[in-house]
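In what follows, a single structure is set out as structure tokens and then discussed.
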Amino acid sequence: MVNPTMSANLSQVIVKRRGSVILGPIELTLARQGITIVLGPNGAGKTTLLKVLHGVERISSGSVDWSVPDELARQSQAFIFQKPTMLRRSVRENLAYPLQLLDYKKAEIAERVALWAHRIDLGDMLDRSAPRLSGGEQQKLALARALIRDPDVLFLDEPCANLDARSTREIEKLLVDAQSSGTRIIMTTHNIGQARRLANDVLFLLNGKLHEQGAAMTFFKEPKTPEAKSFLEGDIVE
Amino acid sequence: MNEIWAGLQAALFLVFTLDKDLVEITLRSLQVSLSALVIASAIALPFGTWLAIRRFRYRRATIAALNALMGLPPVVVGLIVYLLLSRSGPFGVLGLLFSPTAMIIAQVIIIAPLIASITHQAMRELWAEYHDLLISLNTTKRQRIFTLIRDGKRALLTAALAGFGRAIGEVGAIMIVGGNIDHATRVLTTAIALETGKGDFALALGLGFVLIALAMLVNFAIHALSRTEREGTW
Amino acid sequence: MIRILAIFCILFSTSLRAETIKLAVTTSFHNSGLSDILLPEILADTGLEVQLLVVGTGQALRLGEAGDVDAILVHSKQAEVDFVANGFGTHRREIMYNDFVIIGPASDPSNIQNAQSADAALSQIASHKAAFVSRGDQSGTHKKELGLWQTANLDPEAFGGWYRSVGSGMGASLNIASSMNAHILSDRASWLNFGNKGALGLLFSGDPQLANQYAYIPVNPERHRHVNSSATIILEKWLTSRAAELLINGYEIGGQPLFVFNASPTR
């Protein structure tokens, strides 16, 4: 299912909202593998960039090209939001939903649901109402619901922003597992420690522009720009 | 006070003796209003949902029109339906005037905007919650509407019950298009109007109590049938 | 959902009906209670199920003009004659009559109990500016009332606030008169059957001017092809029969006969 040739190319992408530019112009080629962490201060355009890549943000000019046709690209991507959206249904039905949309057979749905419920430790809560789970359980469920389709690319927008240490650790483990089984991961975070733990490479955004990018090792050790350096040191960057 | 007491007694007497006429007009009330409810819901629930998720140029105008239609005076609806269905009107050949069908048509027109409007309000909130997920999952419009209707069924039930409440208690329109014909188009509300006209307040009030009880009964029955009370977990 | 549908099917299954005829009648006729006596007898004798549309004379005539009913039974002679003359009805057949009465506060403040005639009684009410409720709905009763004011050389348009045109049926108008303790012109049957008399009483009756003639008019099938013409003929035959005569003349409320059968045996 995993398509190793899936990569993206952004050229001259600009996103405007109410007349003012909130992202771009951006030139970017995404590597084909690994975990990319998008860093930057609030309002730098991180979420917008993720949405542009996912194809759910209207771009004012420029182009986003995936190495496969758009429809197929969308089908093999998933997106995790900072605040997980729980369908007002049971845990089981939440997990099954993305597969039902694609008309999977019932037996296969049941099999995958059981597998993923077990992976996120919600195996004995399948009939609980999803909106009543704790924050950590909800985010794990959202992650499982995203991964259940075996996506080629997974976007995550601050997935651990409001979570306790234990849930954060569980989610990072799921992400590493997914990455090692071939899922491309692109994620924003405010937690620099988390970025260090997970990143293969880093995109540093500032004021809607791609200010610096590079391999994680280099970026964290010797950032090229003074802004990235002070950001990593915890200063306020404008 | 005496009259209300006499009305209660009349109601109890009618119910416990299973008065033949009472049973007949009660069943007809149910038949007309439930038919109107089913038809109006089939139109208004998907429409209200669609309106919540679809962005189009005249959306605001459509919603404003819907809210205005919600306040349609039933008497005016009755008069217009009457003129349309009259033998001298454009649909006269159908011969529907003074039949339960005509009453159902009038009630559908009266309650469909109400149901659509309440549906739209509720679905807008649910859509705001689900929007990002459903867009991200690349759902089709049909899938979105089905998902919202499924997960918003409790709000939809509320909308439908509001519609039923308006239908079962409506008198102006169905009096005009139904004609209040004994054994053919007489329902609880028109019977109440008739008895009031005769100055028989006790019987009118008795029928009124039966009507209230019926409306409550239907509410409970629909809730029980769709098992929302047990399933209400969100 | 299936259960809801099942209930639905039960509600929808309607029993087979006898042949029906739609007859527009006036509120006053229906309120008299006579129809409750006549309809079962008509069904038994002829197999016809008469569906009554109880409306004011004005609306009854409109229903006939539009072809929404098969026949009408009303009490406003001039309007009926015009209706037939304009080709909406085939002919007018008188069936029976009852009478109008003047109702008012039982204490009779305008002293109309001793009036010489109906129009004189109304003149006295007007000169006292005593409260008066008018149907105001173009019904037969309303038209009769207007005719009496005309006879009395008075114009209701020029009356002050004591004259209340309420635009309602007989029952609703009586309810209003009762709550205002006002005068009102009513047919005798509606008054006797009315349950909310309050402080009102029957003050004046018996003037030949107050006779209230009911006539039967079948809607012209040449104008409206769907009219159940054969049923209108059967109904007319029954309404003018000996059986109808006995029932109509024998109908009483509180020991008082109400209607006088006066149909001629042939047209």
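Going by the order they are written in, the chains are A, B and C; count residues from 1 in each one.
Note that contacts are C-beta pairs under 8 Å (C-beta built on N, C-alpha and C of every residue); 3 or more make two chains touch, one makes a residue touch a chain.
Owing to the predicted nature of the structure, the values given are computational and were not obtained by experimental measurement.
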Legend entry - Labels of chains that are neighbours to chain A and to chain C: B
Legend entry - Chain whose Cα centroid lies nearest the overall Cα centroid: B
Legend entry - Most distant chain from chain A, judged by the mean position of its C-alpha atoms: C
Inset, instruction - Return the distance between the CA-based centres of chain A and chain C, expressed in whole Å. - result: 80
Legend entry - Approximate Å spacing (C-alpha centroids) for the pair chain B, chain C: 33
Inset, instruction - List the centre-to-centre spacing of chain A and chain B in whole Å, with centres computed as mean CA coordinates. - result: 47
Inset, instruction - Mind pulling the residue numbers of chain C that touch at least two other chains? - result: none
Inset, instruction - Provide the residue numbers of chain B that touch chain C in the complex, in ascending order. - result: 27, 30-31, 34-35, 38, 86-89, 92, 95, 97-98, 179-184, 194, 196-201, 222, 225
Inset, instruction - Under the touch definition given earlier, write down the residues of chain B that touch chain A in their complex. - result: 126, 129-130, 132-133, 135-139, 143, 147, 151-152, 233-234
Legend entry - Residues on chain A engaged by chain B in the complex (per definition of touch): 54, 56, 74-75, 77-79, 81, 85, 87-89, 97-98, 101, 129, 131-132
Legend entry - Contacting residues of chain C [partner chain B, same complex]: 3-4, 7-8, 11-12, 20, 22, 27, 31, 39, 49, 51-55, 65-68, 169-172, 174-175, 178, 193-197, 224, 226
